[in-house]
Amino acid sequence: MISNLLEGKKGIIFGALNNLSIAWKVAEKAHEQGAEFVLTNVPVSIRMGTINELAEKTNSPVIPADATNVEDLENLTRKTMEHFGGKIDFILHSVAMSPNVRKKREYDNLDYNFLNKTLDISAISFHKMLQTAHKLDAINQWGSVVALSYVAAQRTLYGYNDMADAKALLESIARSFGYIYGREKKVRINTVSQSPTPTTAGSGVKGLDKLLDFSERMSPLGNADAEECADYVVTLFSDLTKKVTMQNLYHDGGFSSMGMSLRAMSQYEKSFEGSD
Amino acid sequence: MISNLLEGKKGIIFGALNNLSIAWKVAEKAHEQGAEFVLTNVPVSIRMGTINELAEKTNSPVIPADATNVEDLENLTRKTMEHFGGKIDFILHSVAMSPNVRKKREYDNLDYNFLNKTLDISAISFHKMLQTAHKLDAINQWGSVVALSYVAAQRTLYGYNDMADAKALLESIARSFGYIYGREKKVRINTVSQSPTPTTAGSGVKGLDKLLDFSERMSPLGNADAEECADYVVTLFSDLTKKVTMQNLYHDGGFSSMGMSLRAMSQYEKSFEGSD
Amino acid sequence: MISNLLEGKKGIIFGALNNLSIAWKVAEKAHEQGAEFVLTNVPVSIRMGTINELAEKTNSPVIPADATNVEDLENLTRKTMEHFGGKIDFILHSVAMSPNVRKKREYDNLDYNFLNKTLDISAISFHKMLQTAHKLDAINQWGSVVALSYVAAQRTLYGYNDMADAKALLESIARSFGYIYGREKKVRINTVSQSPTPTTAGSGVKGLDKLLDFSERMSPLGNADAEECADYVVTLFSDLTKKVTMQNLYHDGGFSSMGMSLRAMSQYEKSFEGSD
Amino acid sequence: MISNLLEGKKGIIFGALNNLSIAWKVAEKAHEQGAEFVLTNVPVSIRMGTINELAEKTNSPVIPADATNVEDLENLTRKTMEHFGGKIDFILHSVAMSPNVRKKREYDNLDYNFLNKTLDISAISFHKMLQTAHKLDAINQWGSVVALSYVAAQRTLYGYNDMADAKALLESIARSFGYIYGREKKVRINTVSQSPTPTTAGSGVKGLDKLLDFSERMSPLGNADAEECADYVVTLFSDLTKKVTMQNLYHDGGFSSMGMSLRAMSQYEKSFEGSD
């Protein structure tokens, strides 16, 4: 029904691995709304995933880039501008990985080279992407940039490990660069703090299924899924949200504003049954 | 260009006094996007303002109601449901007034009857509106309710007086009722924390012009105006933001995330010129 | 061991009902640290509780006052200044009551007269106390005022009802008046957001025992008890915290910064045992 | 007058360069309150500064350590435990440096090797320090760790550059490790968000003098100075704050809760005089 919210808009979408990815859903929804975009991911993810299927479906080029590599980002940005014959209007950053999580190094036993990688991939890559776009003057006035985050940036969840710190850094970069890019080019930068989502990347987090259950019962509207997240990101790319910037926006069915719900507590109480 | 974001949606809009009002702009934008709605305001504001002009333009009935009066709200809600032959999808609450501000009672010399009025008109009215809608089961599943707030709920601004406390209470009510209405009917409730806006109501705040200047220079994107606010509210009424609830959403050009901007500081520094 | 942190300081302590009360513990600890104070409570609580025992133990006068009644507060403040022959240095506000909670009116079925009472007793009383002290110039420079709050002001907990809104209003009043009293008299005003505490007042909250269990398991240091809260309040009354003002300070074993703990989740997981 | 708040407590204090340093003041105050501690800093700062004077005054050993070097931290921690013949009770982290700020690289032109250094020195060092202490089981139950932060972690201040991101990361590490260290050893970890302070390190920030003036006028109690900060940190090391953890505690005269003060606005308005 709604079909032209992003008409004429051009962008770059980072991080679509397969059809579970939030970035994948954003690409589909942005396409539906009339946007054109370049898809990008690190070469290994392009091989492992199915991005070419998405590229075909949305009629988009795929330009590989390692988001931690400034040269790659420059190449991506230049080629994108060549492809569109001009500047772009939006960027999605959906990039996160923690070698400490993968290698099961607990937070009190971090490997610091891994931590540097976590921060570089999951947070500093966002700065690199923005600095590159800014230097090449790649984004139109009133353009919009979104990165995906998680409530672990504000509140500790066991097992989320150094990704929590990476998300806090990511959100800070959004604010810091949001100020610069806003005052100079009217470009807005926000993070969307999404419900835990069973993507391929998310599934590395310890005990995700039980966390999803708890989160579902705590959130009055239930967890937000990847498709709903994509809908929301579309509004942030549209011209209807021009003055929203430097914000971390919770898209989580209300989880972030809950202390305790009746549904979660009723489940919790069952844990004591037959236990006295 | 965008023309059907609220197609088929029905609602109630509180608080359009004249064409400076944010509620007025929301009505215009919602109408553009295909929504139908009932306009309401307290009788004295209907007489003082020009709401009938808006009613005609948007082809909407005007049903007077004092938002602090539960009977009025019941009457309004019932008549609205009769008018549409069913439930509604959205409500805008843009209602605020402080007799202490009007009568120039400073915050350390409040009249407590006035304070009760400030809270009743500017915050408790929101609860009354929600409780009435809930009792009459007036809102469709996945409906959306928005109230307008201001950053004074989090940070003290001299001269904003007891309206700051009213906004804090308003935002709390949005969370508290957002939980209930979310879990039971999937209705979402949020507040939009808007830049200072030179509406007829806003102009009562002491030193508003200088505050607007400071706020404009502090905000990387400048202050958000009433029309931009209306655009944003439209996204919150649309189906693209279904899982956003219990949030206070800053629509302020970045002001809320700023500590000090170069532009504001450059102006501030001028105050010392020739002053040694 | 520590014995003179509040030497020479004089104050007023509101809200000691019996030896479960946080205010009671604050009185004991303040006395240990060399403070002198007046105890006060509403007459019915004085009759119901055992405040005279505390008065004797700490060698303090009891001056009854209804914290919602400005005349009572003026009388209390004047008599306190007479008693000490001068100004005071600290005030504790530990006053909260919700008729809606008592009468089991749910949040979507509030009685608005009850709501007004909840707000008057639990929040506006704090403004009345401060405005009275300010008008009578009753607090010394660098004096300190503390009110007790709860995380429900930020996050919804089912069953906490309109007390959540009252706490949000209370915290806003602390900020608003903190600005005024700070700039004019260097008096600081803060709220302490305490763990759920099994006081006589707290026991009215629905499902408190299970909430206490959950909160205990979520908080890395466990729930803070009334005595620990009193220790913390003592630091806030001391000269060591002179520049802390307009803050809401969590004293909760870490609860407010937790999203999910291993201990709480392990318990939660037990609820699914044998349930498939 | 107050003289035994830290009696019997042992600790490590990082970052005293000279008598302008907050760490220096903390050492003096902790000494006054009966604490014993080891002083540490990176060798170059030991040579540049006057830490030996402080060591003599407080009768403390100086053990050099680069806070980014895990081996150095292990050596420091072991030697400290040898010195005291057992575990310690508190740690102060007052370590921050940005090569990007020093080399005047603006935030949209960061050198990424410099950024890595900023994060390593100013934030990751805190994790290294905590992980080392945790592995060596160096901190007694109910011990207390404090790191110094700044409001730039939440709100962007022009010129503060990548230190803002470092502070956001630092505060996240405090929460993440606060959970682990709390649940396992009852050790609490907090950050103190201090007013801008004219230390030798702070003086590198662009336009600090005007920022100090603005901050002074915005804060109802004025800026907090290094000595007042030290007083506050002493309360956090004491047994009176045992249940405060994972918090970022503003010690800033109220700045963080202000939107606009009369004093700052009056000064700001002067900037327009004679300008029409």
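Letters A, B, C and D mark the chains in the order given here, with residues in each chain numbered from 1 onward.
Note that a contact is a pair of C-beta atoms (placed from the backbone, for glycine too) under 8 Å apart; a residue touches a chain by one contact, two chains touch by 3 or more.
Computed from a predicted structure; not experimentally measured.
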Exercise for the section: Could you run down the chains that neighbour chain A and chain D together? Expected result: B, C
Handout entry: Remotest chain, chain B as reference, centres from CA atoms
Key = D
Fill in the blank from the handout: Cα centroid separation, chain C vs chain D, in Å, comes to 30
Exercise for the section: Round to the nearest whole Å and give the separation of the Cα centres of chain B and chain C. Expected result: 32
Exercise for the section: Report the inter-chain centroid distance for chain B and chain D in whole angstrom, where each centroid is the mean of the CA atoms. Expected result: 41
Completion exercise
Among chain A residues, those touching two or more other chains are 155-156, 158, 175, 178-181, 246, 257-258, 261-262
Handout entry: Complex interface listing, chain D residues touching chain B
Key = 151-152, 154-160, 207, 210-211, 214, 257-262, 265, 267-272, 275
Problem - Residue ranges of chain B touching chain A (in the complex, touch as defined) - result: 1-5, 7, 175, 178-183, 186, 188, 195, 219-224, 228-229, 231-232, 234-235, 238-247, 249-254, 256-258, 261-263
Handout entry: Residues on chain D engaged by chain A in the complex (per definition of touch)
Key = 70, 107-110, 112, 115-116, 119, 124, 127-128, 130-131, 134-135, 153, 155-156, 158, 161-162, 164-165, 167-169, 171-173, 175-181, 246
